[in-house]
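What follows is a structure written as C-alpha cells; I'll ask about it next.
Labels run A, B, C and D following the written order; every chain starts at residue 1.
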Amino acid sequence: MATIDLNSDLGEGFGMWSMGDDPSMLDIVTSANVACGFHAGDSDIMLKTAKLAKDKGVSIGAHPSYRDLHGFGRRPVAGLTASEIETMVAYQIGALQALATVAGHRVTHVKAHGALSNVACADPMTARAIATAIKAVDRDLIWVVLPCSEIERAGEAANLPLAREVFADRAYEDDASLMSRSKKGSVLHDASAIAERVLRMVNDQAVVSVTSKVIKMPVDTICVHGDTPGAVAIARQVREVLEKNGHRLAPFDKSMKA
Amino acid sequence: MATIDLNSDLGEGFGMWSMGDDPSMLDIVTSANVACGFHAGDSDIMLKTAKLAKDKGVSIGAHPSYRDLHGFGRRPVAGLTASEIETMVAYQIGALQALATVAGHRVTHVKAHGALSNVACADPMTARAIATAIKAVDRDLIWVVLPCSEIERAGEAANLPLAREVFADRAYEDDASLMSRSKKGSVLHDASAIAERVLRMVNDQAVVSVTSKVIKMPVDTICVHGDTPGAVAIARQVREVLEKNGHRLAPFDKSMKA
Amino acid sequence: MATIDLNSDLGEGFGMWSMGDDPSMLDIVTSANVACGFHAGDSDIMLKTAKLAKDKGVSIGAHPSYRDLHGFGRRPVAGLTASEIETMVAYQIGALQALATVAGHRVTHVKAHGALSNVACADPMTARAIATAIKAVDRDLIWVVLPCSEIERAGEAANLPLAREVFADRAYEDDASLMSRSKKGSVLHDASAIAERVLRMVNDQAVVSVTSKVIKMPVDTICVHGDTPGAVAIARQVREVLEKNGHRLAPFDKSMKA
Amino acid sequence: MATIDLNSDLGEGFGMWSMGDDPSMLDIVTSANVACGFHAGDSDIMLKTAKLAKDKGVSIGAHPSYRDLHGFGRRPVAGLTASEIETMVAYQIGALQALATVAGHRVTHVKAHGALSNVACADPMTARAIATAIKAVDRDLIWVVLPCSEIERAGEAANLPLAREVFADRAYEDDASLMSRSKKGSVLHDASAIAERVLRMVNDQAVVSVTSKVIKMPVDTICVHGDTPGAVAIARQVREVLEKNGHRLAPFDKSMKA
C-alpha cells in the first residue's frame, strides 16, 4: 500500500522573532520545508528545526526563496538571470545541508517558497533555473512540485525525482493552479471540511476546482500550513481523517522508493 | 620536498560592487579563501570564484565571518553563544560547498575572516565553536590557523587537519600575534622586502617579531592580500622569489597529504 | 505638581513578524520608544506606531540601535568610530522624523537601544557620539538617560534636554548601573512588587540597590517592558498605583517644560 | 535667462565598497541624487556626500529605492501596497534629511532610483505613492520626473514642484520613454556626440527619439551618469559645451524659483 506525506513550511522565525508552533506541527507532519535565511529562518533556527525533525522522524527539505526578509519572500522579484536564480537556490540548499549534517539529519527534498514558487509555476526560465540548481547540488534531491505547472514540467525535463503536492486549504482554478490569495474563497478555514477534502484528493488522486471540475493528478504529499490561527488543529484533523481511512503517513523520500 | 601554499582572501565583492583583482590573484595563489555572504560575497560571486579557481587549479576554502556586511566583518560582535557561532560558521561552509559542487570544485579548507578570526585567536570559546562547526560539517576540512593562537589550540584539541599560516605583509608581536593594524609599521608595503621576508619565513620555519625575536613555527601557507593597491604585484613577487629559491608552490590540501 | 512619564520600547516587529501588544501598551504608557529599522521595526511599523501613538496622545522617540536585525540590537558591536556611531544614530532619528511627519506626529525624544545603550553607559566615546548626533539633528530632542552613567554625563556636557529614567523591573547595582540580565534576580516579575517599587522610586526620587543602598536621582520617566509575558498587566498596575497615589502621568516632553 | 541643472546619482558605495568618482562628479554637476541605504549608500557615505556637496555648492536630493542592496535597486519588486511604497520612500527621505542637517546642508529634491523609477513611470499606483510620500514629508521638495510618464502625471496631480529631466546618454522611444538598456543602441558612449545632443535638448526644449521624432518637453535638468567608465569625462564635456553656448548651470531648486 502506498503511503502519503504531510508537509509544512517550518522554521520561519528570524532572530528574536518566532512564527507558528513548530514543535506541535512536527508531531503531525512527515516532511518539513525549512526556511534557509532568505525569507525567514537563520542558522540557529535551521539547526533547531533539523534536530527536532530528526528526533521526531520527520524528513526535511530546503525551502529556498528570493532575497526578501522584509517581504517574507512573498514579493515577486524580476530581473534575475537564470544563473542568479540557480546560485540563489544552490546557496540555500547548501546552507541547510550543512546544518542538517550538524544535526545528524539529511536534506531529502526541496520546495520553492512563496513568490519564487508562484513565479516558477508560470515562468519556464525560473522553473528550469531551480531544477538546474537542485540537480547540480544533488540529483537525488526530491523536488516538491505543483502538478500541471511549469515547475512540474521543468522537473520532468531535468529527470529529477518529484513529489506531486496538493494544498489542503487552498481553492484550485480549472487549470490546476492555486486560486490567488487575493480572491474570495481562495483559502478554506473549516478543519472538518479541509480534512474531508484532503481525503477525497488522496482517494481519488484528483483535486476538484472551484467550478467542480475534477482534475486527475498523482498526490504524493499534502501541504498543511503552520503559521495561521488554528493551523495545528487543522493539520491534526487532516492526519487523523487520513489514518482513520486506512492511509499510512510517511515521508515521501521513503514512500517514493517503495 | 615539501611544498608551500600561497593563500588569499577572494570573492569579496557584493552585488554590483567589486573588490580586488581576483582573476590576477588566482594566477598567483594556490588557495583562495572565498567570502560566503556574511561580510562580502554572494552566491553569484561564490560560483564565479569557485569556477575560476577550478579552472586555474586553485584550492578553495570557506571564509566565514560575523553577520556584518556593512563593516566587512571587521567589527567584533560580542554576545554570541558558542552554538550561535557554530551554526553561523556551518551555514557559510555549507553554502560554499553547494556552489563549489555546482562549479565542479570542492571546498577543502576553512579560514575565519576578519574580526571573527581576531576574536577567536584570543578567545577559546569562539575558537572551539569554529572547530566544532568545521568538524560537524566535514572533519576532513583543513583549518587554516595562526600558530600559537587559541585557534591553533582549538584545532589541535579537535584533531582537525591544520594548515599553519604566516602573513606576508604583517608585523608580528613577540607572542606571535599580529601587530594591530592601528599601530604604525603593522603593515609592510615594499614588495621586495615582503618577498625576502617570506623566503626567510619559509626557509627558517619561523617569523621574526618587531623586536627581532625569532619565533619558530611550522609554515604551511602564506597569506597575501588581494584588496590593496599593489596587491597583485606583491603577491607575484612573493611567488617568484619562492620559486627562484627552489620552493614548489602547491595547495596545502595536496601537500599535507603528501 | 510634577508629572511622571511611563515609557516603553514599541514597534519591535519586522515585516511579517510581530512582537508584543503595542495597542494595549499605548493605552498605558505616555511615551513610546520606536524601533527605527536597525534592530527591529520597518517603515510600515514605524508609521503604524506613530499614528497609533498620535491617536492616543502618546509621545514618540527614536530608539536607535547598532545594525543588528539578527541579534535584535543586543550584541555589542566594537570597532565603530565616533563618526560612524553619529551617522548611524542620525540616520535612524531622521527616518522616524519623516514617518512621524507623515503620521501628523512629532519625534520628541531619543533613547538608545539595547547594546548601544549598554555600551554607551560605560564608554564616553560612544555616549558622546550619540549626543553629537542628537544635537546635530535637532537640539530640542530630549535624551532619555540612565542617571550616573556616561550617557547622562555626555548629555549634560552637550547641554541637551534630558529625561532621567528608572527601570520598573530591573535590579540595580550599588553604582546605579543595571544588574546584568545574566545574573539571578536581575529582573523582577511580580506585578504588585514592581508597582510598589516604582511608587517608592517616584516618591523618594531614588532607587534602592541590591544591597539596599539608597541612590538619590531625579526620576522623570519609568521604563516598562512591552515584550515579555505579563508585560501589559505589569505596566497597567504600575500606572494604577501611581495614579492612586496622586501622581499624574504625562509625556516628559510636556512635563519638562512645565 | 533660465539656468539649467546637471544631476547625477552619487553616494552609491556601501561600507567598504565604493562606486564612481564622486569628488570629481561633484565638481561638475549642480545637483546630486544621494543613495539612502536601500540600494546603495549608508549613513557614513550619505554624510560624506552631503558635506562634499555643501562645500561645492551642489544641491542634494534623496534617491529612494526598493529594498534591494544585492540587486542595486535595479530589480522590480512586485506585491507592495501603496502604503508600503509610501513609507519606504518617506523613510529614505527622512534619513537623508537628518544627515543633510548634520552636514549643514538641506535636501531640496527627490528622484526615484532604478527599478522603482522604471515601475513608477508606467504604473500610476506606484507613481502616486511616491508623490504622496514626498508631499507628506515636505511639500516643498522638488520631484525630478521623466516628462510624459506616470511620474510626471502623479506629480502634477499632487501639485508638487517638479523638475523635468532628460538623460544625456540614453536613447528615447517615440512615446518619450527611455529605450530599455537591454536594447542595442540604448546607451550612448561618445562624449562629443552626447554633449552636442544635450545642447540641442536644452536649446530646443525637446528630445529626438530613435525614429527621429521630435518630442517637445521642458528641460529643467540633465542626468549624467557617474558610475560608468569615462563618466567624468562625458559629464565635463556636457557642462563645457553648455557653458560655451551661453547656458548657465545652477541647481534647479534655485532656478525654479527664479
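FYI, contacts are C-beta pairs under 8 Å (C-beta built on N, C-alpha and C of every residue); 3 or more make two chains touch, one makes a residue touch a chain.
Quantities reported herein were computed from a predicted structural model and do not represent experimental measurements.
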{"item": "If a chain touches chain C and chain D alike, it appears here", "value": "A, B"}
{"item": "A-D compared against A-B, more contacting pairs", "value": "A-B"}
{"item": "Chain centre separation (chain A, chain D; CA means) in Å", "value": "43"}
{"item": "Cα-centroid distance, chain A relative to chain B, in whole angstrom", "value": "39"}
{"item": "Junction residues of chain A, two or more chains touched", "value": "42, 70-71"}
{"item": "Of chain A, residues touching chain B in the complex", "value": "37, 42-44, 46-47, 83-84, 86-88, 90-99, 101-102, 133, 136-138"}
{"item": "List of chain D residues in touch with chain B within their complex", "value": "13-19, 40, 42, 69-72"}
{"item": "Residues of chain D defined as touching chain A within the complex", "value": "67-68, 70-71, 74-80, 115"}
